[in-house]
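Across the two complexes that follow, chain A remains constant while its partner is chain B and subsequently chain C.
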Partner chain A sequence: MGPHSSPRHLDKTTLGFFLVQVLTGLSSAASLFLVAAGLSLIFGVTRVVNFAHGSFYMLGAYFGLTLVALFGDWFGRGHLSFWSAILCAALVVGAIGALVEMTILRRIYRSPELFQLVATFGVILVIQDLALWGWGPEDKLGPRAPDLRGAVFILGQPLPRYDLVLIAAGPVVLGLLWLLLNRTRFGILVRAATIDREMVGALGVNQAWLFTGVFFLGSFLAGLGGALQLPKGGADLLMDFTVLAGAFVVVVVGGMGSITGAFLAAVLIGQLQAWGVLLLPQSTLVMMFLVMAVVLVVRPFGLLGRPELVGHGRQMLDDPLRPTSWRFKGLVLLLVLGLAAAPLYLGTYGLVLLIDILILALFATALHAIIGPGGLVSFGHAAFFGGGAYAAALLVKYAGTPMALNLVLAPPAAALLAIVIGWFCVRLSGVYFAMLTLAFAQIVWSVVFQWGEVTGGDDGILGLWRAPWVRGRIAYYYLVLGCCVAGILALRHGLSSPFGYALRAGRDSPLRAEAIGIDVRRQQWAAFTLSGAFAGLAGGLYAYSKGSVFPNEMAIVRSFDGIIMVFFGGVQHLSGPLAGAAALTWLKDSLLRLEMWRLLLGLAVIAIVILFPQGIAGFLKQRFGRFVGIRSELSS
Partner chain B sequence: MTGGPVLEADGLSKSFGGVQAVRGMSLAVAPGELVALIGPNGAGKSTCFNMLMGQLRGDAGRVRIMGEDVTGWPPRKIWRRGVGRTFQITQILPSFTVRENVQLALLSHQGKLFDVVTRARRAQSDVADALLQRVGIVGFAERACGLLAYGDLKRVELAIALANRPKVLLMDEPTAGMAPAERIALMELTAGIAKADGVGVLFTEHDMDVVFGHADRIMVMHRGSLIAEGTPLEVRDDPEVRAVYLGSSLDPEGP
Partner chain C sequence: MTTRRHLIGLPIASLFAAALVGATSLGPTSLAAETIKIGDINSYTRMAQHTEHAKRGMEMAIAEINDTGGIGGKMIELISRDDAGEPGEAIRVAEELVTREGVSILTGTTLSNVGLAVASFAEQNQVLYLAAEPLADAVTLQSGNRYTFRLRPSTYMQAAMLAELAVDNPAVRWATIAPNYAYGQEAVAAFKAIMSEKRPDIEWVGEQWPALFNIDAGAEVQALSAAEPDAIFNVTFGADLARFVREGADRGLFENTFVASLLTGEPEYIDPLEDEAPVDWLVTGYPWDIIDDPAYVEWLDAYRARFDDYPRIGSIVGYNAILALGAALEVTGGSTDVEALIEAMRTITFDTPQGELEFRAIDHQATLGAWVGYTTLIDGRGTMRDWYYAPGADYLPPEEMVARLRPASD
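Right after this comes the complex of A and B.
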């Protein structure tokens, strides 16, 4: 990093260096802006946070790759052929987005937000497998744009020529979008729907086509972003999640539904990345988070955003908590006894699977407490699961403390993380909360991933040996069984305590809760922390069951697994997470042997969202509840 | 503070953009007194109410509860000073039973919101039932609140509001959406409680039968300001009030 930084030596080289840095930042803002603008548009009109938006971006890159090659063969490798291939790739992705809207999302606009989020997650899984099937597992190098190879020199400093295209792309697309939104009938409808969707519907606008159109446009933008960055970044199967966290940060910082806000935020984040790589290469993601945190503390709805309109979507009502009947208690006892006897009838493989199920059931129950009774959809609970796992592993690595102590310390470590993250997150609700938790979890993940000297980075931490008294698999199974049953019962009890009631009151009616003296945010913050602690216990147990930890334990996929377990089981039911954890683990275990298990799992998720919204526990309650003395009152 | 007003407001003002919704409203409610705040739509009643309850921060003016300045406090703190409220559109906890709705208010009153050990369901169910008895819905105690009829929900709200032994009750259109017979019953119940416990009640209302039949004192707002105040008889004969309400019947006996 040669140049002098003292202002006395601000010579030509230094100036050139600064300029090139700024331009590099602007070029990396382009893709981020395109993806975020699409995400923001779609959210503004349909109120759907499209988690699959990163997948559309990835598809844009892959289709771009194929079409550039194809058009190159057909029409030669000139300008026209290259750029029309990029544009066609974006159009194809736009069409795919419209198709997803028409076949899946249109059926669930009236469902609670969580259902839509989960459905788009199903789409992510499906697209992942389709991309793998279509383009293979290897990372692809992007094609070069004609006549844009090499670099230009700015005051003696090199800048890749293609970056100039990207730098121009952002403002050009922003300008075109402005024209579209302000000068066309479609644009007027989009802006009107962003402000008041119901009113636009009441005025007789065909909402179905408006929504499909917006999905087409939003997906087109994501596809364009993916295709445009090809010469710079190529295509790989991880880009969907990589871009998603960045795009969320941009959308949240810019303000959801605001295109100009997204542009400003993308430029800001782009500059941050360009300078961060230079100054503190280990901390680019952390700095991104810090900017977001500052913006959200000052302006909770982003730079140019509006407060979220509440009251959309159908609220699903829980049944009141009834005293547990003796029959149900007997059933639970039978289940626990059956589990305790498992080593008698299960082999090693079955036992390992059962350990996984128990640990994930504890994780899901902790997550459910905040999603169900808390009414806050956390998309970042993996941070606490992984936090507990890493706390135990780091203690082993650096302090050599024994297992029992590490398992005791894992929950408070995770709780500490939850206190910090929760402080920011409970200021928001609904989709803002979901996105913020996801972004925070990504930050934690990136710290673990990037800070290799301490955490081992991608190689993880090995050598978590269990204490002699639980070295055997069966002994450890009993430890896990004891901890998980105790943890789940404690969580259940907590929800029936005054604390749990006050939490639920904040979800049922914030106005009423406040009017009877409940500080809703404080209640949510405390619940978030407790939930994090239990997730941390699950993480600690998991680490010792595997003997090692990897950054995967806190990746987005782990958070999504938690959400899907809660959802499979039925959000409105306290026993849901248990059923969900068993179902998902079993389903994954059986599907993993198949070639395209993600595709099948994704389709299963989508099917359940549409056909089976009350979940397994809800279904069981309706069908068999009367045998154990429970009935459905409000839930259905 | 015996004898003094339980609720006082001085010079409350609020504007939204260029519209002055409330200008210089002052009022006082004595213990055991039922005061009606009336006025045509857009007169500023709800804005005034929301400022009293801390839901909305005023541009100017002070609010005092039992002599203590509570201006700018959040609703939960004002509630802790002894102010119960009911909402224009009922706000209850649908996934709780009727009894639990009241129990939670009782638990909050006792500062037990962070208790994770005991079971909320068992807390003070007798006190809760006594309150439900008082408002006449103890028979529904075990029902999920989400299943109740609208008129009964209004009674649940009243029971919740009484849980912290309030000195002030703020009721925003307490009888909206109820059948005429129910309206009279609810207001008689409220008046009885106010007299028995020395609670000062401030309510807004569109139903003139309710207002003239139950209020001790009536305050009339028009375009953000107080234009008349007095006993039902005085207000009925006020020429300015008649002008404002021209075309709508202020006279319970008919025009």
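Right after this comes the complex of A and C.
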């Protein structure tokens, strides 16, 4: 690889090449725009962060595939048959979206904000298994659009014919949406609800149908995006997740709730991807997230977004903290004693599972500190979990330091990362904060993933041997138990101290908190760092429990796992993350060996979410709280 | 409201019941004494298109062994678990298999990083592990250990098979495209090294690194054609490959350009391309229906009769993995003592539909090969022409390379 070979000879940088490059970027923006527009609409009106949006996109592709074949058999393979099949696929997906809203989400709108995302996570799992069951495991090649095979030549450069359709689709859909939102009663209501939902409800608009309608429209757009990309590729079972991150980025860069913003963002990202691939081929993993980070740092509400209105949307009200009763303390002591005695009554595997549960409980508790009392939802906490794990692993690999030292150094390393990331993030709030943390986590992940010489890339770092005194599983279990109990108690203590009160004051009323002299941002920054440190400890323990570390530990999925545990357990309760981590890990482990375990797990998650809209801990407190001398003032 | 909750309560209660049953009923059973348990870890949900066929292959081999009386009077029992494509999950599943199911042999695994994680687990817990599918060179080289063996030809070996024919092509300007992760990087590095050594005149004019399963095909093809290569080395596969092939065909990238492509001839990847499968690409693969070796044909007929479906490369890998373990167990007389098994694995030769295979003692790499040839279309379906079976023994990493990379262990 000589020095002359790596920079591209752009002797093709003629006008034609330039033009086709731009058009290529525009065409790849189209699907992204459709998916993102739907996501943005749904969030704007219902405040639901719909993780299942990628699944609707995938369903659009699969239904498109089936319907194109079916209509082809019935009506011949002409234009009318093909395009009506694409449209019908999108309509079917829209109906599925509406169904999900009516049967699941409608029941939990009264839950704390963002709780609904746990239900959409359940929907993802269900759809994954149903798609596998319905369409089989093989990748499917998409049908070609009639008469649109091959390329047109633009100034001598080829551009696939179908790209022209996609390039047109973006502005056309944008125009139609504009008409719908600005020229129809439905559109006026949607816009009004995006700005002030309570007021729309107070004026007598039936919110239930408005929400269902928006879900239909949003899912329809996702389905359309999936079906329209068929002639460029096809359908496969991994497309739900691959599109999701991109769609979130576009929504946030454009500004949540802004359709035009989403279009601009899709075009911007399409162009940057196309040129990035050409000029910096290694940039494919990180480009999108770099763009998002830069945009959010410069324009905290995206290109065309508005600041989120303070005081609207559901506040996360939780019971005021009061000293724990003796009976509750007794219960906690019993629990700890029960855990300490676990090696007596649990088999070795039971301990292995408990180690996982304890570590994840520590991770979730750390995350909860910033989500619950801090009021800031972090979508990127895997960066600190993985950061701690990698700190330990890199120390072993390059310094050969002993395990105890590495476990001590993991939290400060993660905290250092949190200080840097937090400095940027605490300027924002709400979903923008969440997405900026996600962007930074992705950037950290891609550095670890790509920097193979140092981090081992996705081959990870192997051979993390535990010190001889904890080589055995029982010994290591006690180490984990000690660290996790101490960590969780320390976090609880911190949140019950003046530090925690000041943090909660900043969440509940930033203006008043500032007025009495609390530096809200600095308080949040400190809490974010603290939370990162404990996540790092969990990561370090995890690394040594598995004996190896991989970039998966800092991937989006791990962050989402944490979020889901926190909300699943009950975000308003300090014991919520414990309950969430235990319930989810245990459920998953029990179902994993069954066929279609994702379907079962998804259904279980959805059922629990509907049954316990305050989370598991919320339910327990409501039901049994009085037995241990704690009562809830927020119940019902 | 209460009635509604009760209605929901019923299915959830049954779910928990199912979970409990699942958790308790699968504990160690009295059968344990009479069966040899093999633990199979695979990405059954994440990579379903591979693992389904691998499992069939394993089931078939086990049925054949058990139908002839098992090994040393003991039946073989396969216990399969899903790792969801996550190394961390795979480790927990491995712990579960070892501690709760009493498994003493692990096999399966699809993804390279899962394979590496399990290899590390095997070393730390002293369990025999046969990595059936993972391709990463590190499994037997940089991260190799005495407990880990690998069946499938590694990335290096497959790249070497392609390079052998690719050097004869007069193309001078080569570009590469590979998914942006370890397998892609290793494959490109190995191919470049072998090619440049044999043909110092080759000029590497571009490298493209699309994100795995998220290729921006239009932009990648544009970038490749901007480099004006005479030849392209492709490592993309799965959904990425379909997008790359379509976009490249539409934009005329492959006209007058020679393409060497890893794994593209395997039915897992060429079949989904239907009548748009590329033609005249030099590939490694598996032309399952035109191999005419009698032993293979007999196996093929049995496979098709049993499953009413044709085999994929995963079927071969799964089947041969069990044959290898069966042969080793035959030597130990059904004993699952790990030291005895390692000794046996190093010395056995076992008879497969692909001929006699063995594991090289110095790096535990099996001599299973791959089929090399050119892609073609027959009756609107992609397959291979002018193919031959490249025996793995001829392409093993040089001993000097093993000595340099593999950590010293006995």
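In this text, the second predicted complex is superposed on the first by the 544 of 636 C-alpha atoms of A that agree within 3 Å, B and C clash if a C-alpha of one lies under 4 Å from a C-alpha of the other, contacts with A are read in each partner's own complex, and residues count from 1 in each chain.
In this section, a residue touches a chain if its C-beta (ideal position, glycine included) is under 8 Å from a C-beta of that chain, and two chains touch if they have at least 3 such contacts.
Model, not experiment: these values are computed from the prediction.
Asker: Should the superposition on chain A be reported as showing a clash between chain B and chain C, or a fit?
Answerer: Superposition result for chain B and chain C: fit.
Asker: Scan A:523 for contacts with chain B and chain C and give back first, second, both or neither.
Answerer: A:523 sits against chain B, while chain C stays out of touch.
Asker: In the overlaid three-chain picture, which partner chain does A:186 touch, first (chain B) or second (chain C), both, or neither?
Answerer: Touch status of A:186: no partner.
Asker: State whether A:160 touches chain B only (first), chain C only (second), both chains, or neither.
Answerer: Second partner only.
Asker: For A:178, decide between first (touching chain B), second (touching chain C), both and neither.
Answerer: It touches nothing on chain B or chain C.
Asker: Now for A:597: first (chain B), second (chain C), both, or neither, which partner does it touch?
Answerer: A:597 contacts chain C only, not chain B.
Asker: Check the residue A:505 against both partner chains and state whether it touches chain B (first), chain C (second), both, or neither.
Answerer: first
Asker: How many degrees apart are chain B and chain C as seen from chain A, counting from C-alpha centres and rounding to the nearest 10?
Answerer: So the angle at the centre of chain A is 160 degrees.
Asker: Based on the superposed arrangement, let me know which partner A:514 touches: chain B (first), chain C (second), both, or neither?
Answerer: In the superposed model, A:514 contacts chain B only, not chain C.
Asker: Please tell me which partner, chain B or chain C, touches more residues of chain A.
Answerer: For chain A, the partner with the higher number of touched residues is C.
Asker: Under the stated touch criterion, which partner chain does A:494 make contact with: chain B (first), chain C (second), both, or neither?
Answerer: In the superposed model, A:494 contacts chain B only, not chain C.
Asker: Mind working out whether A:478 is in touch with chain B, chain C, both or neither, as first, second, both or neither?
Answerer: Neither partner.
Asker: For the overlay built on chain A, what is the smallest gap between any CA atom of chain B and any CA atom of chain C, in Å?
Answerer: 28
Asker: Both chain B and chain C touch chain A; at which residues?
Answerer: Chain A residues touching both partners: none found.
Asker: For chain B, which residues count as touching chain A in their complex?
Answerer: 53, 74-77, 79-80, 85, 87, 91-97, 100, 103-105, 107-109, 112-121, 123, 144-147, 160, 163-164
Asker: Under the touch definition given earlier, write down the residues of chain C that touch chain A in their complex.
Answerer: Contact set of chain C toward chain A: 5, 8-9, 11-12, 15-16, 18-20, 22-23, 26-27, 45-46, 48-49, 52, 81-82, 84, 86-88, 91-93, 95-96, 99-100, 112-113, 116-117, 119-121, 123-124, 136, 138, 143, 180-182, 185, 192, 203-211, 213-214, 216-220, 222-223, 225-228, 238-239, 242-243, 246-247, 250-252, 268, 271-274, 276.
Asker: Taking the touch rule as given, give the residues of chain A at its contact with chain C in the complex, in rising order.
Answerer: Residues 1-2, 5-6, 8-12, 17, 20-21, 24-25, 27-28, 128-129, 132, 137-141, 149-151, 158-163, 232-234, 236-239, 242, 246, 273-274, 276-278, 281-282, 284-285, 347-349, 352-353, 356, 449-450, 452, 457-460, 462-463, 465, 473, 542, 546-548, 550, 552-553, 557, 586-587, 589-594, 597-598, 600, 603-604, 607-608, 610-611.
Asker: Could you please specify the touching residues of chain A with respect to chain B in the complex?
Answerer: Residues in contact with chain B: 317-321, 323, 493-494, 496-502, 504-505, 508-509, 511-519, 523, 526, 633-634.
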